[in-house]
Amino acid sequence: MFFEHSDETKHWVGKVQQFLDDEIYPNDALYHRQEAEGSRWKAVPIVDELKAKARAAGLWNFFMPPHSGQTHVDDSFQFEGVQLSNLTFAAIAEQLGKIGWASEVFNCAAPDTGNMEVLMRYGTLAQKERWLRPLMNGEIRSAFLMTEPAVASSDASNIQTSIVRDGDDYVINGRKWWSSGVGHPRCDVYILMGKTDPSARTYGQQSMLLVPANTPGITIERMLPVFGYDHASHGGHGQVLLENVRVPVQDALLLGEGRGFEIAQGRLGPGRIHHCMRIIGCAEMALEKMCRRLLSRRAFGKQLSEHSIWEQRIAEARIDIEMCRLLCLKAAWMMDTAGNKSARGEIAMIKVAAPRIACKIIDDAIQAHGGAGVTTDFGLAELYANNRIHRLTDGPDEVHARTVARMELGRYPAPASA
Amino acid sequence: MFFEHSDETKHWVGKVQQFLDDEIYPNDALYHRQEAEGSRWKAVPIVDELKAKARAAGLWNFFMPPHSGQTHVDDSFQFEGVQLSNLTFAAIAEQLGKIGWASEVFNCAAPDTGNMEVLMRYGTLAQKERWLRPLMNGEIRSAFLMTEPAVASSDASNIQTSIVRDGDDYVINGRKWWSSGVGHPRCDVYILMGKTDPSARTYGQQSMLLVPANTPGITIERMLPVFGYDHASHGGHGQVLLENVRVPVQDALLLGEGRGFEIAQGRLGPGRIHHCMRIIGCAEMALEKMCRRLLSRRAFGKQLSEHSIWEQRIAEARIDIEMCRLLCLKAAWMMDTAGNKSARGEIAMIKVAAPRIACKIIDDAIQAHGGAGVTTDFGLAELYANNRIHRLTDGPDEVHARTVARMELGRYPAPASA
Amino acid sequence: MFFEHSDETKHWVGKVQQFLDDEIYPNDALYHRQEAEGSRWKAVPIVDELKAKARAAGLWNFFMPPHSGQTHVDDSFQFEGVQLSNLTFAAIAEQLGKIGWASEVFNCAAPDTGNMEVLMRYGTLAQKERWLRPLMNGEIRSAFLMTEPAVASSDASNIQTSIVRDGDDYVINGRKWWSSGVGHPRCDVYILMGKTDPSARTYGQQSMLLVPANTPGITIERMLPVFGYDHASHGGHGQVLLENVRVPVQDALLLGEGRGFEIAQGRLGPGRIHHCMRIIGCAEMALEKMCRRLLSRRAFGKQLSEHSIWEQRIAEARIDIEMCRLLCLKAAWMMDTAGNKSARGEIAMIKVAAPRIACKIIDDAIQAHGGAGVTTDFGLAELYANNRIHRLTDGPDEVHARTVARMELGRYPAPASA
Amino acid sequence: MFFEHSDETKHWVGKVQQFLDDEIYPNDALYHRQEAEGSRWKAVPIVDELKAKARAAGLWNFFMPPHSGQTHVDDSFQFEGVQLSNLTFAAIAEQLGKIGWASEVFNCAAPDTGNMEVLMRYGTLAQKERWLRPLMNGEIRSAFLMTEPAVASSDASNIQTSIVRDGDDYVINGRKWWSSGVGHPRCDVYILMGKTDPSARTYGQQSMLLVPANTPGITIERMLPVFGYDHASHGGHGQVLLENVRVPVQDALLLGEGRGFEIAQGRLGPGRIHHCMRIIGCAEMALEKMCRRLLSRRAFGKQLSEHSIWEQRIAEARIDIEMCRLLCLKAAWMMDTAGNKSARGEIAMIKVAAPRIACKIIDDAIQAHGGAGVTTDFGLAELYANNRIHRLTDGPDEVHARTVARMELGRYPAPASA
């Protein structure tokens, strides 16, 4: 065991940190001004400007790990960007998490990262050239359409959107929501999960398709706010109606009919780890704000920071962050060394732990700020909203905890009577 | 001990419930439509319409308790409306809490209720005729300016707004925030707390003034969102700059110079109980939504309601609500029978307990709804925001817990060495 | 609603309090000395002495409520002692809970109280004269044999002890444990639950029998410590083997074959409330010790009581106790006014809430005492053990929470698909 | 970063695991039988027997780390046993924690380990030959006398035992408690902390002395049970009166007058890590028992393990253990690579986290076992007691949390006004 980052990780974290310090933090006020001005659902100019700068500096597409565990990679597709291990990218992602709009600057924003990895692993060369190329160039964006409003999507076998073969086409009908990114003006392609064969065994009913955003029959019915925030500049979260949406089988189908679950499982691993590391960055940011605030105010004759209730909360925050980060890094390391599948337990664990811990710390930070905590001044209320949703995205806590529990119970002999 | 409501309470709760069922719930969709249309910061027509109806039906001004404990009441001021005990109004307030815009219909909305009680107790007859009369008629609204952005206002002795005597006038300078209601188009008067004598003993430095909203020198600098919600139709929460605001002493001064703390203490008791009972109504609403949702969805082969983790959460919610309601009703009963001062401990207790319990239950309800929980469809995210803020309004949890602890410790002999 | 105890309750609480102050607290050290001396599993002389005194003073058998809800009472059986409402006895029980050995002095100790109520309600006059008479005179003690080591007894339908009819006798075979009181030298009778008809519907398989302690075939295999404490003077908790234990049907059978569940349900209600009120007394005692300790020690320049982490814990303890007591009193009041069955929800709620709250407070009190908390000096470790077990007695928390949840869910329409 | 144990660690863990499987687990029943037989406070024969075996196999004295950070080591003292890094010993200690009496077999039991390390670092060669030699040979045992019953010892500056110089001797007067190991029949030496100069600066008042157990004036007043368990075979926890205890300065004084704090700080680091890793072993054991139990019982129509409330608890247990272990191993690694002082924050963190997490898991395991959980059958109640005390040993949670918080706050500029 060795608890220090490698020289390579330090190198890349250092370069990203430098870029954050030089280009991103100084432009944060400008970003928020540009975002507030004009109409919603537009690209923010400073983001485009800094994307070009980051790309030119070679700080681009960090998220795509080298081959480990990727059995479907077609090596003939070459792209721009460094390929870092999950462990190295995890360390970077924590820094990106501290400032919400940073990930996109390095072309490392969700849901594109997960979608790009799906395309890389499971796409044909033609699919890659058409969609992965512009995505990795940062020219277009994408969305992922899985969750549905009508069913408990935490049990993915509930998903109902129908995909019916008609000649050389698929015809799609259904309603999706929490389709992140569909509101972005450059969102050009969706990856959609639906049922091709409702009569197959449970985990063979679903397929995944590539659907161009401008295909007829697609209606974005509304954008969904999260605790009052619409995340417009990130492309928001949409509710999407699909009525007789027709796509050619050859262009659309990923991997094969009935293999939707297989892709979903493969997609969600790295994405979860990225989210969790960004969440840890959020928690660090909240703890820093909490400390600074408590040091800046007095009540009942002493600094707030000297009231021992706050000492206890600060200590718990620090302890939880340290423990959570180690678990997340271990999960990333296992993905690198043993493959995403072997890391399944650790991924589920960190998916449960990180958002819970972050919500607790952000909530304490809100309390430390008094009224300033629940409004916009310190960004804490929005930070809370953005983290609270991660107890639900990619499946609620309870489903991941169930996975962990079943693996644990599986270590012991099953009961004779069961 | 007797745990059933009196006939009088049942009578009034029944009448209010009927009005809610007949007039308010059926118009909820209309209310939200009207609120969303046109510009923010306007009165909502359906509210005005139903106010007239409620007033005509004698369902008006319930919040003003009869004399018990009110040493300063000037009996010569007569007004419209029934005067119910705190205990009876508590039972009504719980029902009002279930639907956010109901309180105003019965002229029982914060911050007017607290302000009206202050005027009733401490105002001169002239002050009452000028401000209390139109407030109790539901013609104008009011705001309460206490909290300041620059200091930890949880320790009220930190408050810095200066009030300087100049001839027959006071001249006010300072900045307030979380001034609820200032954005309402009919908000005509503020009750403001500030320092008249910084050299007096700690609790004698502050005074309370009536300040007409249109006095020169007042600037509403911005309205403060709560987790992305601006509460526009309720008048929102403003940040208010006061620069050389000049008011005549005789019109403005409440009770006497240096008696601001005394008023603040008296004001906050009933208001807290009203809030807490409304909060319990919120918790009930969240629990109902949680149950209905869990009964309507299936995952992993059974209703969500049959998963025992949800059984445990439902049970905890029910238990917490029952316990919390009893404590709140007891506090109201003590205010009625022994006076607000004797109920100080119970008021502090319920102020700590109710918002914590409600936040927990609403958060569980959010989790039960999945993505639908964090967006607008079930109102749960906004409900969370509206309750989370109550861990901070009128002083953060920690300050009220401190009060409870000090009363508890006061029952035992002080240490010799301290 | 009315939150003050009646004059009758105050009268009896006052008399009991006086007796506690005059006779019990002053003899606490003597009690512990006598208990520690000589062999285990003996009656403690001071208890016998004070029992006689309490009985002479008319402070005796408070626990047996008047008729409300008792459909099977045979009025021809007269006994000594006042019959107080559940609400009045609840107020007394809280005081008794503060000092572990007090209940027996007033002939109000578990498991006798529950057993006596079973006999009163369901016994024939002959059964009453044989067993209830000496129990109510405090001459003998009793045990209740329900839980079994081999099955999850939280689901009472799992219980396996067989009762087979053989002529005019029943023959009992099985193993019970957590049979409280069997170690007491005067424990003369057991109430036992077992299966008379394994082929009947689930809730009609069980019957309840009276079994004299000296019946051949009964072996007390061992006494079970609770966290290292054996509760010897209370009769302890035994594991009991029953091998071909033969009792005459007419003497033994309570109420009727297959009606064991019905009796069990009726028995457990009042017993749970008594336990919960004693538990609240324990929590009060722990809070008092915590406060006194924190006031008596200094660290890092101030009293421990001035460290705000302890303010928060004290406040939470006080709030939880107040809320919990109100819920418990309400449950008692409902049993008095609407019957034990109508109070089923409230009884389940308080059964979940009280031990959890008490364990939390006692644990905090332990922490406040440092090393003195986990050893014998302040009795807190034993108090913890004695309360922790109440999260398991009469069914674990989870089962009672399940009851509460199912009642809650039952308020809404069942899902169409379920 | 690298999350796999080194080959060396795997080698030693494997050898220890083999010994545990071959010699210790098979003798567990014998150990408990021997412990229960005869008088308390005696050595247990099987322990002595296996000590000889372990020593012969070279599985001995693992706990003493190589030189890193040990500035005072006198290299001329040679001893038997392998010197493993803290990281390697941590991995072993977790296995030892799973079975309470294993540590002593390998001569790695507290409080000897900490005492031996103190002697190694700060003792003169003569002191080492007299005390460290037989300790490292496993021939004698030792105790550590720091905590006092009369003061809040969490603030070590409160300690009052007086050490007065009288010619070439020190004369000691005071009362200590929680002196672990003093009841062991072979406990020959105490390390004692007391005040040599009450007028010096706070952290220069204390000194540490070696005191032979048979020095006149020493009285073991009583042994202190922990939740009813006396830990007799481990030497228990004693209350020790020291009346005019006279020891020669040259033999007794460690390091120098006024340097007691310095030694205490150095001593407690590794000891805490050892405890924490053993605690993690306890938590693993509790989780295993919980799973096995839940798999073996049915209620309400399914295995207990299939009730989702238990899934959640199992998952939380697994997550907490994984996170906690990583933090503990990181702390050990930092002690190895950067020294105990640099690892101060991590040591404080794990000291807070490990016992809390273990207590929670053991408590859940108790609940899963029903009545079997609170009695002796599965050892869980004793396990709880043994872990609960670790929230107090070497200072309560709150003091370590305070250390963490102050380090955290120290990262930001101090307030101008403070």
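Letters A, B, C and D mark the chains as written, and numbering starts fresh at 1 in each.
Here, a contact is a pair of C-beta atoms (placed from the backbone, for glycine too) under 8 Å apart; a residue touches a chain by one contact, two chains touch by 3 or more.
Since we're looking at a predicted model, the values are computed, not measured.
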Query: Could you give the fewest steps needed to travel from chain B to chain C through chains in contact?
result: 1
- prompt: Counting only C-alpha atoms to place each centre, which chain is farthest from chain B?
  reply: D
Task: If you tally contacting C-beta pairs, which comes out ahead, A-D or A-B? Let me know.
output: A-D
Message: Centroid of chain A to centroid of chain B, CA atoms only: how many Å?
response: 39
- prompt: With chain centres defined as C-alpha means, what is the inter-centre distance between chain A and chain C in Å?
  reply: 53
Field: Inter-centroid spacing, chain D versus chain A (mean Cα positions, whole Å)
entry: 43
- request: Give the residues of chain A that touch two or more other chains, as numbers and ranges in rising order.
  value: 298, 307-312, 398, 402
Field: Residues of chain D touching chain C in the complex
entry: 147, 149, 151-155, 158, 177-178, 224-229, 237, 297-300, 304, 307, 309, 366-367, 370-376, 381-382, 384-385, 388-389, 391-393, 396-399, 402
Field: chain C-facing residues of chain B, complex
entry: 1-6, 9, 87, 287-288, 291-292, 294-296, 298, 303, 305, 308, 310-312, 314-316, 318-319, 322-324, 326-327, 329-330, 333-334, 346, 349, 352-353, 398, 400-406, 408-409, 411-415, 417-418
Task: Over in the complex, which chain A residues touch chain C? Could you list them?
output: 307-312
